[in-house]
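Here the chain labels run A, B, C and D in written order, and each chain numbers its own residues starting at 1.
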Amino acid sequence: MIPLHYYLVVSALLFSIGTVGVLTRRNAIVIFMCVELMLNAVNLTFVAFSNFLGSLDGQIFVFFVMTVAAAEAAVGLALMIAFFKNRESIDVEEMNLLKL
Amino acid sequence: METLFFFVVAAVAVISGLLVITCKNPINSALSLIMTFFCIATFYVMLNAPFMAAIQVIVYAGAIMVLIVFVIMLLNIRSEAGRRGAHTTLFGSALGIFGLIELLYFLAKGGLTGSRGGLDAKIIEQFGHTELIGRALFTQFLLPFEITSILLLVAIIGAVILAKKNI
Amino acid sequence: MTSLLTIMTFTPLVGVFVLLFINGRSHNALRGLALAVTVVAFLVSLPLVTGFQNTADYQFVENIPWIATDAFQMHYFVGIDGISLWLVMLTTFIMPIAILSTWTAVEEKVKEYMICLLLLEVGMLGAFVSLDLFLFYIFCGLMLIPMYFIIGIWGGKNKVYAAVKFFIYTMVGSLLMLVALITLYFKAGGADFNITRFYALTLDPATQTWLFLAFALAFAIKVPMFPLHTWLPDAHTEAPTAGSVILAAVLLKMGTYGFVRFAMPLFPQATAQFTPLIATLAVIGIIYAALVAMVQEDVKKLVAYSSVAHLGFVMLGVFAMNQQGIAGGMLQMLNHGISTGALFLIVGFIYERRHTRLITDFGGLAKQMPVFATIFMIVTLSSIGLPGTNGFVGEFLILLGSFGSSLRWWSVIATSGVILSAVYMLWMFQRVMFGELNNPRNQTLTDLNAREIGIMVPLIVLIFVMGVYPTPFIAKMTPSIDRLITHVQTRQLALNAVPAAVQTPDHADCRQCPQ
Amino acid sequence: MLEYVWLIPFFPLVGVIINGLFGKKIRNEAFIGGLATAMVASSFVVSCGILIQLIGMEPEQRVFQKVLFTWIQAGTFKADIGFLVDPLSAIMIMVVTGVGSLIHLYSIGYMHGEEGFYRYFTYLNLFTFSMLLLVLGGNMLLMFVGWEGVGLCSYLLIGYYFHKKSAGDAGKKAFVMNRVGDFGFLIGLFTIFWWLGTNHNVWTINFVELKQASELLPFGGVVTFATLCFFLGATGKSAQIPLYTWLPDAMEGPTPVSALIHAATMVTAGVYMIGRMNFVFIKSPTTMLVIACTGAATALFAATIGMAQNDIKRVLAYSTVSQLGYMFLAMGVGAFTAGVFHLMTHAFFKACLFLGSGSVIHAMHHALHHGHLHDDPQDMRNMGGLRKKMPITFVTFLVSTIAISGIPPFSGFFSKDEILWQAFSNPYHGTANVVLWAIGTIAACLTAFYMFRLVFMTFCGECRINPKVKDHLHESPLVITIPLMVLGLLATFGGFIGIPKLLGDLFGGIPNRFELWLEPVFEKSTEYAGQYAHAGTHYGHSVEGGLMLLSVGVAALGIGIAYTLYIASPSIPQRFTARFPGLHQAVYNKWYVDELYDFLFVNPCKALGRFLWKGFDVLVVDGIVNGVAAVVRGFSGVLRYTQSGFVHNYAMTMALGVVVILAFYIFR
């Protein structure tokens, strides 16, 4: 049996790779994928704990995380398409509409 | 034997994760992300959660990644400068690594307690993982389940409106 | 007729309500109504004087529980005594004059202007009559807002700077006061904010010092005392005529009134301890303001600095802590209200005609506007404090009182202020009125019209009446001042923390005291 | 008649109100002038009645108080509007109303045709009202009211020709210097009031009560401080050494104003005040010495300046300052009666001199005006030989000049000689007396010299006026010459009521009525003086007679010098000034005292004011206030960059936040 904290180490690794990806990449889609990666890392921790603690709650939660991720993907990509339509690029540097 | 298998899958997952953030072309990073998803799915199986593995593969790898690849193709994003200025990448990765160290530190500190919920591999085989999750979903977690359905509905409408040309 | 005070305080509010319904274009109707409301308020306030018995206790008292939650009680507790009677009368007397003076001065947004003025009057009257510390604080706050708008909207060139500076200066002060007020509230057992209960309270010297400092700073900004006075010249130069008349005549008195009503009786030891410091600031204020006023080019700024000097005198008198000093201080508050109010009206007249306030632009007006010259001369003399005018009585009593108290050498220096005040006022008067009438624009100036003379006549009459026959004014104040002095000095001696001011003879055996 | 003492100040007040409010509309000069003069004349009649009633009473009961109402009443301080009539104030009201009504009459003629005619008479009446208040005041505060009222009226009257900047400046200078004096008066008043109150529980500022309480006052100490302050007030008002520079500039006003204010009444206020509070002043020998020395110094100092002036009114102004010096010398040596006597006689002949000079200026102005010439009507250098043209003015002027120089039969001799004798003989100050007497005698010689210099330059010698207008010079109208004649008579015969005992006995026992008259007023001071006076040597009659002759001789010497210099050989003055240009220039420019005052007081005040305003007010206080605002704006400027609008910046900040929090937990 593989001890629990192996899984946790792997998910920590994946999570920090995702963070680095989000912080450093310019392309919106790649940032998006890195967010997906981070989410999955967290799901892995959830399942690992649910298995280790013997209760299903963890997995149910993963289930919900997935639905949220799907919804997010849909809306996020729609946004990117809309953004792409009027800016010809989805480079994060141009997205500064938040500033007054 | 089993741990060896675990290490292999873990290595593949980490490497493909790194690939996602390093390669220039988004397509490559998309594919490597799919690879990571598969590794995570195998982890789920090893953690006696076969149904979750299936869901993972279907939802993530199947639906979301397809959607992403589709969007990449639609907007035919060519690989451009990729990373941002040296200054920000350095700062970003430093933050990431430092965060990792902190997480590992917490892991090392340990103290993972918690009661065993009384569920173990035998019961899963006996009743079937999917039935267990289904029962839990529709009894204990009925309300969140309904809310997520509304969430998905909202997401669909949002996506349609956003992506449509002017209505 | 106990609800007289409430009627008086809130008549202007009714006026504001009625003003809302008159359409904004008919300016004269608006002004007429505002004038009518203030005149009504004045008439309502007259019975206060006639019905006022010369005793020390509070009269026309109304005490209605207002916010009565179990932990926190706030009463609408109003009443007047000798000290606040005349300040209330000054307010109701000055308001109609101020409104009359803006008949032609303000043309745009007249409705809002009138509403601001009336709200200002409500705030002032409320502050003077309230005997509940929290109510006093509310009305102080209520006064600030309309004054801020008056300076900010209808002001001169950099009116926004002046308005913001005025607002922040006073707001910092009143916040400090709020903090002190709340600590006082808890120190007094946390029932309600009734003044009489706070008076009975004896606090240990340490807290007294801190609370006194907080109150003193808040009121020192309003007075304005020496280092904290720079907002006044800006506020005055930028405010429209009516605004600066009211600011000078009444708002400045809020500070000195606050000292006499709250700061001194509540914290007697601290008062004794800080009397030298405050007296020094007051005397510096007198000399400093006089010197600075001497070299001003702008008439209004000169008058503003002169009011800093006058109020320095008032503070010196009040902190002399004897019968003559405080009576002189209270009287000087009235005189300053009348003479400086009149001075600002006069500056307003020439500003309306020439749209400039620089002294160098004027010269030789006496030949061109003889009536104006005589009125200006009388008011200048009252401001200098010439015997026969009201200024002299107040100043003389202050100097006499402070000379007799522990502030002897401060009084000597302050008396030299009398010389300086003559210097800068007469120098200004000479440069504006005498000399050659060479500036062509001055040659076409018209003399005062009926309205302007109508405004000035009551003030001139008051200047002479108070100068020649001030006894009724002083008689009504004396009992309350006696009570204040005995209250403060018994507490100072009781704890004998600090040697009190020179002990004036106790009341029993002195022949001249009014029985 | 005593009951109606309040009528005396009341009449001029009525004049002020009528002329002030309706003068502009009446516009008829005769009515305005007539009304004003009538008011003062009626006051004069009432004061005569009171004088007669007082003479009829016993010397001891000659004190009457009339209280109208309580003016200020605060705690232990009580001041009421009350009038005090006693021999001293009786004399003063006679002088004020008498000379005043003559000058009002004179002004009608003199001010004929002036555009501010009503304003002039309102101010003149207001002045008489204030002076009467000062003189009749029953307590120190009411005297102070008159004191400042008189200062105000001198400001208004000096600045009467307000379109002239110099007149405005002179008025302001007079008022401010008077105010410096009033500062001293106030401090003196406070000291006396509080000292008596706190130490002896006597709370009063009423003169009669003060007189009774004067035993309680110590010799020296607090009384010296108080009396020095009062003396500062007196110097301000009566133009003594430190605060005299306003009087010569006050000649900017019309001449009758100078006559009334700067000769007869206002300037004597200081002397009257010391006379009125003699029982306080006598109590501090140091102050008496200070007064005497200042008086003598001023007499000499002003006389020296008077010698070199060319403006006829400036000479008279400096002669007034010098004569006032004499009065203060008398007061200083404790001879209060002599001081008041000189005050009275000086009022007569100085008023006559000023009015005489006024009539000369009026005639000159009239003549120059005819020829449309613009040289100065007041400058003596273009006068001369007016003897023939203006006989009445010449005679009255000559009479008064002889009087002022102190030639026997005339009033000036009696009063001035009395002062010199008292300065020499009375026992208070020991050796200082002889020095004072010497200075006084030298000043007397100088007075005689410059007065006769004035007479010779204006009336005698050949006429230096511009020939074109010579025939336009003629005598002034009757309304001007009548007051001149009356005053001339008073100047000649005024002295006889106060003949010193020495001469009195010679001419068959005529008593010194003036001294007897004022005896009760000063009896308290003689009593106190006796307590500390040194055992001075008592000089016999022979010494007194000798000194009398010496003073007459000195006066004659002065006249002789003037005669030689200005009639016999007019070239000497030019040669004198050529040899000592520096000295002449210094004396002509009034020893540069004005410039000194400007340098010491006026300019530093302005500079300090400017520095305080620009430096402290704007820089420091506003600097702090605006500084706080700037600091706040600075901080907000820095923080603004964090809101760059780039999503990834926000992501970065969030990540940083997470890392920091985790670090916190690690290192806690």
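We take it that a contact is a pair of C-beta atoms (placed from the backbone, for glycine too) under 8 Å apart; a residue touches a chain by one contact, two chains touch by 3 or more.
All of these numbers come straight from a predicted model, not from anything done at the bench.
Undergrad: Applying the touch definition from the top, give me the chains sitting in contact with each of subunit A and subunit B.
TA: Touches both subunit A and subunit B: D.
Undergrad: Whose Cα centre is nearest the centre of all Cα atoms in view?
TA: So the chain nearest the centre of the shown protein is C.
Undergrad: For the interfaces C-D and B-D, which has the higher count of C-beta pairs in contact?
TA: C-D
Undergrad: How many angstrom lie between the CA centroids of subunit C and subunit D, rounded to a whole number?
TA: Taking the average C-alpha coordinate of subunit C and of subunit D, the gap between them is 38 Å.
Undergrad: Please work out the Cα centroid separation of subunit B and subunit D, and write it as a whole number of Å.
TA: 106
Undergrad: So what's the Cα centroid distance for subunit A and subunit C, whole Å?
TA: Once rounded, the distance between the two centres reads 68 Å.
Undergrad: Mind checking the centre-to-centre distance between subunit A and subunit D? Centres are C-alpha means, answer in whole Å.
TA: Whole-Å distance between the two chain centres: 100.
Undergrad: If a residue has to touch 2 or more other chains to count, which residues of subunit D qualify?
TA: 648, 652, 655
Undergrad: Name the residues of subunit B that each touch 2 or more other chains.
TA: As it turns out, subunit B has residues touching two or more other chains at 84, 88, 91-92, 95-96, 99, 103.
Undergrad: Can you list the subunit C residues in contact with two or more other chains?
TA: As it turns out, subunit C has no residue touching two or more other chains.
Undergrad: What's the complete list of touching chain pairs for this entry?
TA: Result of the pairwise touch check is A-B, A-D, B-D, C-D.
Undergrad: Quick one: in the complex, what on subunit A touches subunit B?
TA: Counting only subunit A, the residues touching subunit B are 1-2, 4-10, 12-27, 29-30, 32-34, 36-37, 40, 43-44, 47-57, 59-60, 62-64, 66-75, 77-82, 84-85, 90-93.
Undergrad: Under the stated contact criterion, what part of subunit B meets subunit A in this complex?
TA: Going by the criterion above, the answer is residues 2-3, 6, 10, 13-14, 17-18, 20-21, 26, 29-30, 33, 36-37, 40, 43-44, 46-49, 51-52, 55-56, 59-60, 63-64, 67-68, 71-72, 74-75, 77, 80-84, 88-89, 91-93, 95-97, 99-100, 103-104, 107, 110, 112, 114-120, 132-133, 136-137, 140-141, 144, 148, 151-152, 154-156, 158-163, 165.
Undergrad: Tell me, which parts of subunit D touch subunit B in their complex?
TA: Residues of subunit D touching subunit B: 648, 652, 655-656, 658-659, 662-663, 666.
Undergrad: Taking the complex as given, what residues does subunit D use to touch subunit C?
TA: Residues of subunit D touching subunit C: 24, 69-78, 141, 144-145, 148-149, 152, 155, 159, 162-163, 165, 167-169, 171-172, 175-176, 179-180, 182-183, 186-187, 189-191, 193-194, 197-198, 201, 203, 605-606, 608-610, 612-613, 616-617, 621-622, 625.
Undergrad: Which bits of subunit C are touching subunit D when the two form their complex?
TA: 165, 169, 227-230, 288, 291-296, 322-324, 327-328, 364, 366-367, 370, 381, 386-388, 392-393, 396-397, 399-401, 403-404, 411-412, 415-416, 418-420, 422-423, 426-427, 430, 433-437, 468-471, 474-475, 478, 502, 504-505, 509-514
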